[in-house]
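Two complexes come next, and they have one chain in common, chain A, joined by chain B in the first and chain C in the second.
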Partner chain A sequence: MSTLGTIAPGPPVNGRRGSSSMAMRSASWRVTDRIGLGIAWLLGLIFCAICAAIVLFLLIEGLRFIRPSMLVTNPRAGFTQSQTGGFLGPMIGTVIVALIAIGMAGPLGVAIGVWLAEFGRPRAMARIAESTIEMLAGAPTVVLALFGVLLFESEPLGFLSVTNSNGVVFGKSFFAAGTILALVALPLVVTTVREGLQAIPDHVREASYALGKTRIATTRRILLPAIRPSVITGTMLGVGRVVGDTAIILLLLGDTPLQGVGSAPLLSTLRGTGSTLTSYIYNNAPTGELNQPNKAYAAAFVLLAIVLTLNVLVDVSGRRARERRWS
Partner chain B sequence: MDLSDDQRAELWLGALVCGVVVLLLAMLGFILREAWPSFAHNGLSWFGSGGSADRQLQSIFDSGTANGPQQYEIHAWPMIWSTVLTTTGAVAISFVCSLFVAAFLVKFAPDPIKRVLEPVVRLLASVPSVIYGLVGVLVIVPFIGQHLITESERASVTPVIQLSGYSLLAAVLILTVMTAPVMIAIFAEGLRSVPRGWLEGSLALGVNEWRTFWKIAVRTARPALIAGTVLACARALGESVMLFMVSGSVGFAPNPADGLIVLFEPSRGLAPTILQNTDGLSSPPMAHTLYAIAALLLFSALTLSLVGWAVKRPMKRYQHAGGVA
Partner chain C sequence: MELSHPPAIRRLHANQPSAVARPPVTKGPRVTTIPQRHNRVQTLVIERMAVQQWSVSYGGNPAVRDVSLPIRQGEVLALIGPSGCGKTTLLRSLNRLTELTPNATSAGWISLDGVDISTLEPTALRRRVTMVFQQPNPFPMSIFDNVAYVLREQASRRPRRAALKAAVNDALARAGLLDEVAGNLDHPALRLSGGQQQRLCIARALAANPEVLLLDEPCSALDPQSTRVIEELIVRLREEVAVVIVTHNLQQASRIADHVAFMYLGELVEYGTARTVFERARQERTREYVSGVFG
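What follows is the complex of A and B.
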C-alpha cells in the first residue's frame, strides 16, 4: 500500500507534463476553474519566494557576521560587538540540554509507544493515555515551563538545583530544563514509534510466535529492530523541537554563563545553570538585554545549521523506513 | 505469584505509562490550584476589560513585595483579545493560502518544484520561533515603522499609544509564515492519501482536473484539513517568544472599529505576558495571576483539540471506505 510518496504515476492523474501542457489542457476549462488554478500557481510561487527569501536572508546575514573565533570563545562583557566574544557556552548548553531531554524522552517514548501499540489493555486506560499525550502535544511550552518552575522549586526536588541559605530553592538547572524539554519531545517520539509499530503487519508477529517466541521477546528482537528508522525519525524531530525552544530555557535554565554547582564532575553541570543558542539569540535581539544584532544573526545561522542537519537526518531515516516492505 | 516474562513486561510498561499520565494530570491540577486565587478574587471580571492591564499587573506585583494587603485585581481582556486577533488572523490567512499551496504542491506543480518544495516546507516548519522573531524584529518591524505608518496616523493616536512598527500586522504576518508550513505539510499528506481510483473515476466522467481535485480530493481530505488547522491554532496560541519580540508588549486592546490603523497598533497576547513577567514569579499574587493566564491557555488548547476531535468524528466514515490512512 504505497500511498506515501507523491500521487502515483500515470499520465491522466498527475501534472507531470509540465506547465505548458497544463495551460493547454486548462484552455477548455470554465473560467472559475482557470482562476482557481491561477491562484494555486500564484500562491505556490509566492510561497517558494518567501521560503527562498527567509533561507537566503539568514544564510547571507549569518555568513556576513560569523567569525570562526565566535565558535570557540565564550560570551564576555564589552562595549562593541567585536569585544563581546562568541557563543561557545550557549552551544555547549544546547548540546547538553538536547542530550538530557532526548535521553529521557527517547526510552520513555519508545516504552509508551510500545505499550500503546502492542499491549494497550485495559482499553479505557489506553484511551486516557492517548488523550493525555495528545494534550501534552498541544500544550504551550510557556505553560510547561511554569509547571517546571512549580515542580523544581519545591523542597523535595531541591537537590537538583541550588538552595540558598534561607532554604529557598532556586529551581533552575540543566536538569530542570532538560526534564521539561523531554515532555516537549515525548509526544513526537510516542507518535512515530506507534505509527511505526502499527505499520508492521500482524503476520510478522504471528511468525515469531509460531517459532515459540514470547510477546516481549518478539517486541525486543523483531519489532523494535524493524522500527529503528521510525525511532530515529521521532527522536530527531524531538531534538529539533528541543533545540529550538526558548521559553523553557528562559524560565528554567537561568540564562547565565555555564556554571556548575558542587564538585561532582557530571552532577555539578546538571545541577548548574547555563544558556543555550536560543536564549543567546533572544538576549541579543533588539528587544533583549544586550542588543547585538550581528551576534544574534551569527548564532541564528549556527542554530539553523543544526536544525537543517537534523532535518536531513529525518529525511534519510524516513526514506529508509519507507523502503521497508512487508509482503 | 509467578508471572511470565510477558506479564511482567506488560505490568512494567503499564506502570510507566501510568506514571507519565499521573504526572501530566498532576500538572493540570497544580496549575489550576496555583491559578485559583486569581480567578477567585476577580470572578468573571477576570475576563472582562477595564483600566490598564499593565498598571494592574504592576500593582499586583508591588503588593506581593510590600507588606500591605495583596492585590489581585486584573482585567485580562486586552491580552485575551490580542491572542484572539493574532491567532484567528494568522490561522485564517494561512488556512486559505495553505490549501492552495498544498494543492499546488501535490498536484499542479512541475516535478522539479515539487522535489525542492517538500523538504523546504519541512525545514520551515522546524525553524525555531526565536529565529522568526529575530527576522521580524530586524526586518519586518522597521519596515512597517518606516514605510507603512504615516505621520498623520502616528499623530492621531499619540495620546493613547505610540506606533513604532511593533504591531499587530507584524505579529500576524510572521505567525502566518510560521503556521503555514505546519498546515501545508499535513494538508499535503492528507491530499496525497486520497485513493487514486476515486480521482480517476471522476476524471473518466469528464470532470476536469481542478474540479476533480476540489470536489473529490479536498473533500476526502477534510479530516486532515481539520487536524492541520487545530495543530496550527495550538501552535499560534502557545507562541510566546516571537510575539513578545514583535508585537510591542503593551497591554492594549486594538479596536477593529478604528479602521485600518488597528493593524499598526501594538498589543500583547497571553503567552508573551507570561514570558515578560517571569521575574514576577517571586511575588505570590503575581505568580497566581501568571498561573491563571497559563491555565486559560491550557484550557483553550484542550478545548481546541476537543473541538477538532468532535468535528472530525462524523467524517471518519469515508476513511474506511477508501482505505485512507
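What follows is the complex of A and C.
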C-alpha cells in the first residue's frame, strides 16, 4: 500500500477539489469562459421563464373561467357569456380531426420512414422523398390549407363535402381538414421512425439475416416491434401539431356546429362540418368575431392541457424506450 | 453444382512441408506456454465445410487472400490474428453475410457437405450455418420468441406456441440457459444480463439445428465469469456442430480450440492444431503474434 501510494497517490479524500474533477468546476475557468457560461445560463433561464409565464398565465386564466358545464354543453347563441354555452362540439371536432389526420399520417409515415431508412432505392427517388418531407415540415400550414381548398373545391372531390343546388362544391369537411392536417403530422412521424431505425445497430439486422431471414421478414418481425416507442412518439407529436393547428381548420372546416351530411353513419360525419377548439378560440378571442374572452381562455386551457399531456406521454414513452437498448 | 475438380487444399499442417520457405531460426522472442484445455476428450471428427482458395475484397481492397482450410464437426476452429487481418470477413463468408456489403467481391469456393454454397439459397444456407455476434443482440421480444424466431415462418403456416415449446426448450438447454430462465420465458430478452443474452443468442442460433456455428468474438463484451460459462458451452457444442470462433483472446483460443488458423493481412499464415500453433509454430509471424510481439 505504502509503496503503491508513492507511485500513484489516490485522489485527496477531502480538500477544495472535492469529488468532482477540476475540469468540471467553473471556478477554475478563464474569465471569458465564465462570462459565456453565465450568459448561457441567463438565456436559458429567460427562455424557461417565458414558457412558464405563458403556460401559467393560460392555466390561471383558464382555471378562473372554466366551468365543468362548459365541457358538456354545445355553443349557443346568446348576448352574455353566461348564455353562450360551452364547447363540447369543438372538443369532439378536435378529436375527430386528430383521428382522421393521424389515421392517415401514422401508417403512411411509418411506411415512408421504413422505406427511407431500410431500403431507399432507387437513390434518386429516396432523395426526392426526403426533401419533400423536409419541405412539408417547413411549409406554413396556411399554404397547405390553401392548397386543400383548391383540391377539395374541385368537382371530382365534391362527394367529400356538400355540393349546393347550383352545383358549387363547398369544400369544407372533416375529411378535407383531416387530410391536409395529415400532411402536417406526416414529417414528424417519418422523422421519428427514421431516427428510431437508425438507432438500431446493424448487427441486430445481421443477426436476423444470419438466421436465414429475408429483409422483409427482418423488417416486419424485428425492426417494426423495436421502433414501436418511436412510432408512438411520432404519432403523439403529430397529434400535438394537429390539435393545435388553426389555419387549416379555418379554411377547410369552418366554425359551425357539428352537422353531418347525408345519412351514412360514419360518412356523414366525415363529409360534415363542425369546429375545433382552435377555431373556437380564434373566434372567441378578444379580437375575434364573438369576443368572449372567458370562453376563449377556458377553451385554451383545455387545449393546452391536451397538448401538455401529449408531451408528457412522449417524454415517458421515450424514457421507457431508452431503458432497453443494445450496446 | 458439385465441384468436379476440387482444388487441392493447401496443407499447412505441422507435419507437412510448408509452401512458404521456413525462415532461418533466429533468436526470436521467447514463446510463452499458454495453459491448455484440461480435458481433451477426443470426439468424432467429420469434415463439414471446405474453404478453397477463397478471396474477398471490398471495393478492390483485398480483405481475405487465397485462404484454404477445412471446417470439421467435433472440433473447435479458432481464427486468430491482429485487427483487420480478415478473420471476421472469412467467418462472414461462410454463411454469405459478406454479400450484404454492396462492394464486396469474392473468388474461390466454399463447400458445405460437398455442395458449393454459392449454389444454395442464402436463407437456407444461413439456417444451416448460423452465427453469433460480438455484441449480445437479442431481439426486442420475449425469451421464447427469440428462440422461436428462426423456427417460425420456416414452415408455410405459422406453427403454434405449443408445437414450438419442445424445440425452444431443447435449444435453451443446449445453450445451458434453460435452468436460469425456465419460469420466465415470457420476459423480455433485453432484461437478461450480458452473459445470459449471449447464451440466448447461441440458443437462438442452435434452434435451427445448424451444421456449423460461427462465433464472432462472442465473449469480448462479457465479464470473465460469463466468458468461462460460454467457453465451456462451446467445447460441449463441438460434438453436435462444427464450431468456428473468431477471437482476439489468445488464452481463449488455447483453452477451447482444437485447431487454430492464424491470419495476417488477409492471408492464412498458419493452420494447425492448437498445440502446434501455440507451442511449435513454424512461421516466424505466428510465433511473434502468439508471444505478443505484435497484434
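By our rule, the second predicted complex is superposed on the first by the 282 of 327 C-alpha atoms of A that agree within 3 Å, B and C clash if a C-alpha of one lies under 4 Å from a C-alpha of the other, contacts with A are read in each partner's own complex, and residues count from 1 in each chain.
Assume a contact is a pair of C-beta atoms (placed from the backbone, for glycine too) under 8 Å apart; a residue touches a chain by one contact, two chains touch by 3 or more.
What you are looking at is a predicted structure, and each value in this text was computed from that prediction instead of being measured.
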item: Touch count on chain A, higher of chain B and chain C; value: B
item: Partner chain(s) touched by A:214 [first = chain B, second = chain C, both, neither]; value: both
item: First, second, both or neither for A:117, with chain B first and chain C second; value: neither
item: Which of chain B and chain C A:225 touches, first, second, both or neither; value: second
item: First, second, both or neither for A:105, with chain B first and chain C second; value: neither
item: First, second, both or neither for A:203, with chain B first and chain C second; value: second
item: Touched partner set for A:177, first chain B, second chain C, both or neither; value: neither
item: First (chain B), second (chain C), both or neither touched by A:303; value: first
item: Which of chain B and chain C A:66 touches, first, second, both or neither; value: neither
item: Residues on chain A lying within both footprints (that of chain B and that of chain C); value: 214, 217
item: Touch list for chain A against partner chain C, complex; value: 201, 203-204, 206-214, 217, 221-222, 225-226, 324-327
item: Chain B contact footprint on chain A (complex, rising order); value: 1, 3-8, 10, 12-16, 18-19, 22, 25-26, 28-30, 33-34, 36-37, 39-41, 43-44, 47-48, 50-51, 54-55, 57-58, 108, 111-112, 114-116, 119, 121, 125, 128-129, 132, 134-144, 146-147, 149-151, 183, 186, 214-217, 219, 237, 240-241, 243-247, 250-251, 278, 281-282, 285-287, 293, 296-297, 300, 303-304, 307-308, 310-311, 314-315
item: Parts of chain B lying in touch with chain A, wherever the complex brings them together; value: 4-6, 9-10, 13-14, 16-18, 20-21, 24-25, 27, 30-31, 34, 97, 100-101, 103-111, 113-114, 116-117, 119-124, 126-131, 133-135, 137-139, 177, 180, 184, 192-193, 195-196, 199-200, 203, 208-211, 214, 230-231, 234, 237-241, 244-245, 249, 271, 274-275, 278, 281, 290-291, 294, 297-298, 301-302, 304-305, 323-325
item: Chain C - residues contacting chain A, complex; value: 95, 97, 100, 122-127, 130-131, 133-137, 139-141, 149-150, 153-154, 188, 190-191, 201, 204-205, 208, 214, 221
